[in-house]
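You will see subunit A twice below: alongside subunit B first, and alongside subunit C after that.
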Partner chain A sequence: MVKVLLYLGCTIPTKQYAYEISARNVLPRLGVELVEFPEAGCCGFPLKGINKNAWIYMSARILSLASMRNLPILALCNGCDTSLRKIKTLLNEDESLRKYMAKLLANEGIELHTDVEVYHVVDLLHDVVGVNKIKELVKKPLTGIKIASYPGCHLLRPSDIPRPEDSVDPRKFDNLLSALGASVGYYPDKGGCCGATMLPYSAKYALRVVAGKIKNIKEFNFDAVSTSCPYCMEMLDAKQDAARSEVGDESISIPVFYLTQLIGLAIGLSPKELGLSLNLSPVEGVLEKLGVSLSG
Partner chain B sequence: MLVSLEAKLINRKYLDSVKELVKPHTPQYCYQCAKCTSACTASKVIPEYKPHLIVALTRMGLIKQLLDSGIIWACTECWKCGEYCPQNVAPVEVIIALKNLAVASGYRPPEDLIAMARNVIELGRISPPIEVLSKEFEIYSRESLNLPPLVRPYAHESMRKTLKDLLGGL
Partner chain C sequence: MGEVRIGVYICHCGKNIGGVINPSRVAEFASKLPNVVVARDYMYMCSSPGQMLIEEDIKRHNLNRVIVAACSPRMHEPTFQGVLKKAGLNPWLLEMVNIREHVTWVHEDVPDKAEEKAKELVYAAVMRAQHLYEITIHRLPVVKSALVIGGGIAGIRAALDLANAGIKVYLVEKKQSIGGKMAQLDKTFPTLDCSKCILTPLMVDVARHPNITIYAYSEVVDVSGSAGDFKVKVRLKPTYVDWSKCTGCGYCTERCPARAPREFDEGLGTRKAIYFDFPQAVPRRPVIDPKYCLWFTKGICRACEKLCPVGAIDFNQKDRYIELNVGAIIVATGYELYDMTKLREYGYGKYKNVITGLQLERLSDADGPTKGKIVRLSDGKEPETVAIVLCAGSRDEKHVRYCCRFGCAAAIKHVYYVKHSVPEAKVFVLYTDIRAFGKGYEEFYQRLRGMDDVYFIRGRPAEIFEAKDGSLIFDVFDSNTGQLLSIKADLVVLESAVVPPKDWESLRRMLKISCDPGGFALELHPKLRPFETTADGIFLAGAIQGPKDIPDTVAHAAAAAAAAIGFLSKGEVESTPYLAVVNEDLCSGCGLCASVCPFDAIEIKEEGGRRIAKVNVIRCKGCGACAATCPSGAMQQNYFTDTQIVSEVSALAGGAK
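And then the complex of A and B:
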């Protein structure tokens, strides 16, 4: 049993509810005890373009609040994971930055601490829970379904800080999918970007990034895509129809699942326990193959 | 001719600010191999977006022209350029520094980014929880999905003040 603070960030608890529902239902069954962490707000990731210190401050805050609770952080979102690990590194390396942030936090009665372990779902499941343990719990293997793992940029990069996955040759996500009985494989855009951060600048170009990615995945004959980042999900799943219209290519269509949803299906949880009716991409075909119905 | 043209366009103050903001990365070390551009997400969909040219303009001090164009906001912060750059220039870090400099100099970032920042200040998150639609057009909320209500972040009042100071007059 491992005990972690469930750090939801922004996008998951305000919009990407299926990730929260599936994580809350799946992780405890794998021996992960989730402790609520409601006092933690945004990690500051979206603020770095406006002011880098605002980003650093927000993550320094989360690290310090977690340290007060004396528990490791589990980040579900790639952006949160990158922020917390990057800011932890920056603060440990830069004494004057640390002093500056400590002063800002002291004004609000928070003592700056960075001695906190940070996990993402992918490395927590792969490195701590372990592939074998997950394998043992599988009741309905995802046999015959070829799934493209899509780690997302900020599970891999920047690689000058500790990352959940290898930045050049990510394998953990695929190992987890294989443990569920699914087929996995290579496609050239695996380490590519979903384009989410481009949305405020131009929806049109961001949708072209999505279209290109789905096209690449389809060229390599995958039946579905799986991600563990709410931004990637939002782009590939919710914006899939818009991406198809943007480039006028009818073939842009593929089911998209959270990793936690696929684990849930394989260990026998119901679609409702996994928030599957919230997926907007065409997931029905894959569910049918598994003998599961959305309404059931 | 070219020399006098450059001298007029170069903005020393901007250049010094960027150099300071991107430390320990150094735009001056760029040898224009364009590996960053060959890896770049934004370049693939916006042909005129080229991180090696952004770095070239930056190290020459032609920063005002770059900020006027607004192109820096197209960067997805995917960090690929940072991985592939053989000189550890990390164009992504240069671009984040340019974005910060633009805001500090009175340029307006994209509206959606401003809205997110305002929400972080006021609510502690980039957005309030929204209602979402399923494919069958059923409406779901945190409440109807039995998810626990969201609370304000720890010491929200003082956080608000600090963030407002850091983010300036957004």
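And then the complex of A and C:
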């Protein structure tokens, strides 16, 4: 049993409920005890380009609060995970920055600490829970379904700070999917960006990135895509229709699942327990193959 | 030497010195200093009468120290040393004081103070001169032969030049044949002449030359001694063929049933287990590769042995060692390509159709795996689109920082290969800068750049991906037009970065020469002495000094050979006068001196039950690092001993008397 602080960030509780629902139902069944972490705010990542110190402060605050609880952080979102680990590295390397942040945090009565472990779902499941443990729990293997893992760029990069996956040759996500009985494989640009950060500036190009990605995946005969980042999900799942109309290609259509949703299906949870009715991409076909229905 | 008798000579240097200070007053001052027997001033000390004056004084006054206060010792120290020599004195009993550059030229506006300074400097020199002593120059004979390590175009050219000058040359090559990288090339830029056609005649010249002995399939395992007299141990690797009996007929290689990847084709083609590197190999003597030979791996076959008409096959051959005695060594070990699998985002080794420039050479070569046809390796089809990526690993802080110096011209040549083999193909050249600096290179570049369907794009590909059909897709930002391009290519050619050979480091340590940050051999001076090393008698030829194309390699090799010929034909090597000298009574054998010596000239030896530092008089260059480091003062440097320097400095500190 491993005990972690469930850190949801801001995108999941505001837009991507299915990730939270599936994570809360699946992880405890894999032996992960989730502890609430209501005092944590936003990780600050979106402020990075506007006010760097504000970003550093916000992540430093979360790290410090977690170390006061003496528990590791589990970040569901790729952005939160990157932000927390980046700031942890920065503060450990830069003594003057550390002093400055300690001073700011003292105003809130928080003592700066960075000696806290940060996990993302992928490395927590792969490295701590273990592939074998998951394999043992599988009741309904995803046999015959070829799933494209899409880790999302921040699970891999920047490679100068500890990342859950290798930047050029990510394998953990695929290992987890294989443990569920699914087949996996190569497709071009697996480690590429989903386009989410481009969306506010050029929706057109962001949607083309989505369309290109789905096209690549379909060309390599995948039945579905799986991701572990709320931004990637938003782009591939919710924006799929818009991407299709942007490029005018009817073949742009593929079911998209959170990793936690697929694990839930394989260990026998119901679509309701996994928030599957919230997925906007056509997931029904895959569910049918597995003998479950959204209503059931 | 008994009583110290000093003569001091103050030069006017016309008005250069005499126009600012009064040299007679300085001479007058000097005449009262300790042990000064005679002090004079003269209009031009360096002139013939000036020199004569000193010479006569030495004889008449029985002088045993001479001080000349004039210009910089850089200018006339050798002149006045000659005077001492002529008068029968050791030239190192001369001391020069620079009262021109250091005094009158810089203090023209304050003549009184200038004269004062001149006096102080003369005083310090007189005090220093009390402690000068005779210095012996050691001379050792030079063995008139040379070792050339590496049989590529650099080694070939150097060996031929040395041999033609009448010097006995031993050429050691680690592969079966000499020829090196140049033999693997199809054509050479910018003239596009066939590489082997211009190389193989030289290889034959090497083989036939009475002054050259080739040791192929061999490597240098130990080097001792010093300039003029090196002892070199060479390992002759077992070839399992008695080369003295073999006639090079090649029956064995034709009939051998075992196949292995052909190194000469950069792993693309196959060869037999008994093989020549390539058809024009020199020496034309095969070797057996025990990793693939059926006798060594399974204990069967021995077909070569049965077929050989002269009974040259010998499965029991072991390593053999020979000792060579040479006066000079030319290092011509060349370069290797940087491991392209380290550029993970380009997928070399993962995607079949990503190849290196050298592999493209092999595809283009009539003796290559496709008999000269350029094809996609995944399916053997002609490529419709080829992307050539420059600076693959070069000029990249994650890999090697320096430029490979031939990638640009090679890439332009590779455009030609593709357009020649598949005229309708589209070629994309993805470059960082095109550096077409050599003679005729710019014209070559313009010619190829102007061809139809050849696109030069200034940018490096992002990540390369493999599409379903084995072709390669990637994005590249064209910084000339500010556009992001998506390119799909059937074949991607990486113009690899260049690094020193893998086994170079151990050889470098044997030779005791330094390296630059890239690991290449460090030249004595980057501009003026680019083919010499800090070790006398060891010269550099070709790419081991830094990446070079063929014209530069040949020029460099010929220069190295000329320098070696000059060194060898002097007949003897001289030690520096500023030698480090050990006072063995004081030496504790701590070894600090040896650790700071940049020339590896000091060895700590056991003698009479204790450790003592010993200086190799030929290797020592008189830099003084050891003398400055020695904690006990046992290590002294000739002409700059502690006593000499301290006397001079305390005289200056105490002011003129």
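Some observations on this one:
As a convention for this text, the second predicted complex is superposed on the first by the 296 of 296 C-alpha atoms of A that agree within 3 Å, B and C clash if a C-alpha of one lies under 4 Å from a C-alpha of the other, contacts with A are read in each partner's own complex, and residues count from 1 in each chain.
In this text, contacts are C-beta pairs under 8 Å (C-beta built on N, C-alpha and C of every residue); 3 or more make two chains touch, one makes a residue touch a chain.
None of these values were measured; they are calculated from a predicted model.
Using the contact criterion defined above for the overlaid structures, shared-chain residue A:L34 touches neither subunit B nor subunit C, since it reaches no partner. Between subunit B and subunit C, the partner in contact with more residues of subunit A is B. By the touch criterion defined above, A:V247 lies against neither subunit B nor subunit C after alignment on the C-alpha atoms of chain A.
With both structures placed on the common chain, the touch criterion links A:L280 to subunit B but leaves subunit C unconnected.
In the overlay built on the shared chain, the residue A:P188 is in contact with subunit C alone; subunit B does not reach it. In the superposition on chain A, contact of A:K48 is made with subunit B only, not with subunit C.
Contacts of A:C153 after superposition: subunit B is touched, whereas subunit C is not reached.
In the superposed pair of complexes, A:L65 makes contact with subunit B only, with no contact to subunit C.
Subunit A residues in contact with subunit B (one complex) as well as with subunit C (other complex) are 191-192.
Of all the residues in subunit A, the ones that touch subunit B in their complex are 9-11, 13-15, 17, 20-21, 36, 38-42, 44, 46-54, 57-58, 61, 65, 104, 107-110, 153-154, 157-159, 167, 191-193, 195-202, 205-206, 208-209, 212, 275, 277-278, 280.
Partner subunit A is touched in their complex by these residues of subunit B: 21, 41-42, 44-46, 73-80, 82-83, 90, 96-97, 99-100, 103-104, 109-113, 116-117, 120, 123-130, 132, 134-136, 138, 140, 142, 145, 147-148, 150-156, 158-159, 162-163, 166-168, 170.
By the touch criterion given at the top, residues 168-169, 186, 188-189, 191-192, 216, 219-220 of subunit A touch subunit C in their complex.
Of all residues in subunit C, only 344-345, 463, 465-468, 473 touch subunit A in the complex they form.
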